[in-house]
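Everything below concerns the one structure shown next.
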Amino acid sequence: MSFNTFGWLFRVSTWGESHGPAIGAVVDGCPPGISLDENMIQVWMERRKPGRNKFTSQRREPDTVEILSGVFEGRTTGTPIHVLIRNRDQRPRDYSDIVDKFRPGHADFTYLRKYGIRDYRGGGRSSARETASRVAAGGVARAVLRELAPEISIKGYMTRMGTLTAVRDRFDESEIERNPFWVPDAEVVGEWAEYLDGLRKSGNSVGAVIEVVARKAPAGLGCPIYRKLDADLAAAMMSINAVKGVEIGAGMGAAALTGIENADEMRMGRDGPEFMSNNAGGILGGISSGQDIVCRFAVKPTSSILSPRRTVTRNGNNTEIVTKGRHDPCVGIRAVPVGEAMMACVLADHLLLNRGQVGTGGT
Amino acid sequence: MSFNTFGWLFRVSTWGESHGPAIGAVVDGCPPGISLDENMIQVWMERRKPGRNKFTSQRREPDTVEILSGVFEGRTTGTPIHVLIRNRDQRPRDYSDIVDKFRPGHADFTYLRKYGIRDYRGGGRSSARETASRVAAGGVARAVLRELAPEISIKGYMTRMGTLTAVRDRFDESEIERNPFWVPDAEVVGEWAEYLDGLRKSGNSVGAVIEVVARKAPAGLGCPIYRKLDADLAAAMMSINAVKGVEIGAGMGAAALTGIENADEMRMGRDGPEFMSNNAGGILGGISSGQDIVCRFAVKPTSSILSPRRTVTRNGNNTEIVTKGRHDPCVGIRAVPVGEAMMACVLADHLLLNRGQVGTGGT
Amino acid sequence: MSFNTFGWLFRVSTWGESHGPAIGAVVDGCPPGISLDENMIQVWMERRKPGRNKFTSQRREPDTVEILSGVFEGRTTGTPIHVLIRNRDQRPRDYSDIVDKFRPGHADFTYLRKYGIRDYRGGGRSSARETASRVAAGGVARAVLRELAPEISIKGYMTRMGTLTAVRDRFDESEIERNPFWVPDAEVVGEWAEYLDGLRKSGNSVGAVIEVVARKAPAGLGCPIYRKLDADLAAAMMSINAVKGVEIGAGMGAAALTGIENADEMRMGRDGPEFMSNNAGGILGGISSGQDIVCRFAVKPTSSILSPRRTVTRNGNNTEIVTKGRHDPCVGIRAVPVGEAMMACVLADHLLLNRGQVGTGGT
Amino acid sequence: MSFNTFGWLFRVSTWGESHGPAIGAVVDGCPPGISLDENMIQVWMERRKPGRNKFTSQRREPDTVEILSGVFEGRTTGTPIHVLIRNRDQRPRDYSDIVDKFRPGHADFTYLRKYGIRDYRGGGRSSARETASRVAAGGVARAVLRELAPEISIKGYMTRMGTLTAVRDRFDESEIERNPFWVPDAEVVGEWAEYLDGLRKSGNSVGAVIEVVARKAPAGLGCPIYRKLDADLAAAMMSINAVKGVEIGAGMGAAALTGIENADEMRMGRDGPEFMSNNAGGILGGISSGQDIVCRFAVKPTSSILSPRRTVTRNGNNTEIVTKGRHDPCVGIRAVPVGEAMMACVLADHLLLNRGQVGTGGT
């Protein structure tokens, strides 16, 4: 990770501001010969796109991707793949109020303190709009995984929204695509919709927990110490706007367990050793075990709300602010495809890293 | 982060196995002219050292550090600082039982799957012994902070052990150094001691939550996107052995908050803008705000326990294992100084990064 | 350096193929608050542009730069600066002949061996067109230097073309901009023009030596061992297409000197120590001394020539090839602004690195 | 490359000063399962060792290597390999004279300007002693190449010393190990010995040109743009103390060639395409072609000479200096094994990089 780049062999660099002409991602180090076209990326963009329903921002962005390099006759060439996404529905005027006021929970204050200058239009670089570039890069990573480790499947979903939680016993993956919350529990959808609608109408917002699972990832991905697979996932997820916590497997709950409870015991199965539980979340000593890789993260409530909050101006006066513009009442919803994209990028990178050091993409 | 290195300008590379002749850390990129001698590092090593009391491993390691390079006449020269720590109390014989058995919760299985070879003696590279190198590097980082940002103070402590929690209203920082748990709540110490003693005697172990706070860190540390200060902290803490979750500020609890609750409102104070709460944990948009930087992580229970657990052998037979050797009933205790060291290293790196890009060490 | 990125704090990533829709550079880590607009980059693009005279490729590219991010109201914001350059005069049809034939001296053979696929249109990624992105990045670097170290001046020029050399005693910097060869010796221009015209008309090409000098760079830039300033310059220059050798100061000629001759003796001058010669090329132990930084590199003759050369086809048949298309008879001419750009990028990076570690941009 | 580290997957970090207790190298990212013991490294150390004959420094260093980590039961484990070399024959007293005087050609002046402090004992970190760590790392790289690409052979030799050159038509590789100059031309040895002895006795020194050739390296190593194989070799060689120029294939001489002369034409051979010449030095477009990789570098004359040279003191007074201590009259001699080591490290890194991105170690 370096500034606006992440990954070591599969490297993603993103650029662009919320209300500039465009944003984009440069994916470097992609293996050659991978089938790739714009549709293969677009399909993931659609899931993150604003305006899909009343629970997401009404900014109208087609988020159409253009591949400007690195692909020739439908296959990657091994050179940098540049994916461009034009901004279409900029309304910088919406942001005139925040030229001088620091929005609580936003990066306004810290950007100005650090850089002495900031592009205040919709948060500029710190806008959630940046995550579109991540989803585009994730589309490239998925194309790589599809060929190098086709058995891997990556799935994200919400398990909690504000005070409401999905019930794990009722989890049904096929439900995820059927509701606006990407929640795998059909029974809670009605209640969640009502709850979020209420918050939205009252000018409020709410947080969420997202879980991303990678199934059938090979054992052997990761590194012993600082580039542990879990350390990379933690950085990747925490780097998403508004994320405040990251968990692997039992997560923060591991603190409450005893060693006897926590041990994922092993027995021989038909195809080799099997684990009888997965408190480890599929990662032991920083390296994948072949179990499901389970990563969870918390997204704070959208900071842009229509309820007035106290703040100060750039010139040091007390004031109040109501953040107009078009915002998500629960930005966690659109974080689901973003979390999946980050998982895909991290796995693609570690597959290549493992292949480099050990000679295989995992075992 | 790359394999066994972390940091971008203040770079730490560690090496060494639990039962080899020595372990060590190479700190590269340290500013020149910083006062440094072995005592300034040793004082932090003492806090992590095993055998301080009955709640930590009885392995007897003086953990005496030797500075082999990068310091001349008591000051750093700007060249790599190599800190060596000899292993004194190796007992590889204790580990004969694990040559062929995978210890649940340990890296035995994944190292072998990845590398096809492993140093089984006490976990080799994946042993908690590696964290001594981190504490040594943290000592160098503290020396840097002492001169570049002397107002910063870093303090770690336990807030939870298994099912027991400290009470935040009773927090008293001066208690931390007075009890074996580094818990800032004097009233719980007796109960925690009894609880852990019971677990220890029954051949069990338990998890913990550690909180590390950096006070008076300057605003402006961090980067907008992937090297966000919180992303780096998440990677740094998650890279510590046995850590399963990392939180910043409100952490996973942010999911349960509304936007109105979560907003850290601002008012003008005597010396500039002040925040009226700290759900953000001192970081907005990946950049420090000048508030306390609050990072929390969960450590799973020690996997090495004296209660038999089911596992398999290298050759594919079902078996049971009891992990002998000398182990911590709650490895979270010794994770406190390790978490502090990682915070110090991350802050030192970001101070230098900020100075590089912006010209100051923060504002 | 990593694949398509170079620099550590001032980081340049480029993307794009010769006959794709566009090429570009992402400059990350740029200090905030630097005055920058498209004209400040365009002025350097003009010097590298093809078609300036009959001695450079007749491909018609306006090479107009568009800044898509990282600049707000005329100043850099500290976020990634994306500079886009559209390709206007693609003629992929010119390259139909090389679909199946390996052009001697080009990357056709090695790209195919490595990647199993290649964008054959004009060399794709390996085209000299890529150097336009470097000049754009160099424009950003110059803007940084202008504010952080305004006294630095960077000047490139040709000292040799084929068998003809400029005479050092006649060097006159003001001549450089007055002739098509950027040669600082007015007396040779006529002879050089005749010589190159002859080669061009006979379907041949020729190599060149370019020297790039940075005057008044501060002392203290560089690192002791692997990121020595000279090692970074060597990598930067050698990474330019067609470069086969790099020299610092006395360069390869240092081999013929004795220690007595080579010693750059010192005497006290009005403003401190002065060197009485500059065999070192301004760099001692990898660190700038405050003298002129002198870097020289050799560019091989353009490989695309109209004279038939023997080669083989992709399918393993012997054949001959004549490389049509629009090519430079001496590609070294256009390498002059490219070498200057690389010098500017390396110096900007080391200024920031030095500021990061030592706290100043040099002394 | 970063400060004291080089390589991307096969990463070498070195530490240590000339007159400190020890120096060493940490090799990270080494593939697991590679046969390695201390003898396999020691054999290369012997070639660089001082005091082998009257033409090298009389400092008596056994340069015995100790492997402290990363190897278990004779094979690498995939974790960092730390190689330690103790300094035995320090004589800091020899350097009392240079506490206050800047030695011309040395890093004394620039280190002090940059860092404000320097370990003056024998040059500290900037001493040629550091190259012992490189040779140790090169030994590890050779062990990797032996298993991953056993056909590769790497050979370095001198082609020029001062004004004397070896005759290419008489090159006989078997001569290299038979004379103190590693020169592959038996007929020049006597003349070279007399010449160097004369220089040595007169308190002078001389430069040299070293050529390092890697035979039978696979095609496909390298990257298109900034991590070109030649760019990495240029940085690696230029980072060696006293190197002032680096060439690939025709090198600086390429400037004097025409395109017709320079084209390495191709014909089909028994096992596929063959090149009829090697002006490219085995690298096209930054990627190896399967031909011999030919890298050449110039080493300046040893700066430490017994003839008085003019200089200034730290306090700004004019003075003269005679550099006592034990020095090589032609430091280029001992640069031969160092250049070989750097070639081995660069190739090992690119083999792993290629395996990571493309899935093979070359073709």
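Going in written order, the chains are labelled A, B, C and D, and every chain counts its residues from 1.
The criterion applied here is as follows: a contact is a pair of C-beta atoms (placed from the backbone, for glycine too) under 8 Å apart; a residue touches a chain by one contact, two chains touch by 3 or more.
Small disclaimer: the values here were computed from a predicted structure and weren't measured.
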Between B-C and A-C, more contacting C-beta pairs sit at A-C
At the largest C-alpha centroid distance from subunit C we find chain B
Whole-Å distance, C-alpha centre of subunit C to that of subunit D, is 26
Averaging C-alpha coordinates per chain, one finds the centres of subunit A and subunit C separated by a number of Å equal to 39
For the pair subunit B and subunit C, the C-alpha centroid-to-centroid distance in angstrom is 45
The positions of subunit D in contact with two or more other chains are 2-5, 8, 14, 29, 32, 78-79, 114-116, 125, 224, 358
Contacts from subunit D onto subunit C in the complex sit at residues 1-6, 8, 14, 102, 104-107, 109-111, 113-116, 125-126, 130, 160-163, 199, 204-209, 219-228, 230-239, 241, 243-268, 272-273, 276, 279-281, 283-290, 298-305, 307, 309-312, 316-318, 332, 354, 358, 363
As the complex stands, subunit D meets subunit B at residues 2-5, 11, 13-17, 20-24, 26, 28-29, 32-33, 66, 68-70, 72, 75-82, 114-119, 124-125
Subunit C residues touching subunit B in their complex are 8-9, 29-32, 78-79, 224, 352-353, 355-359
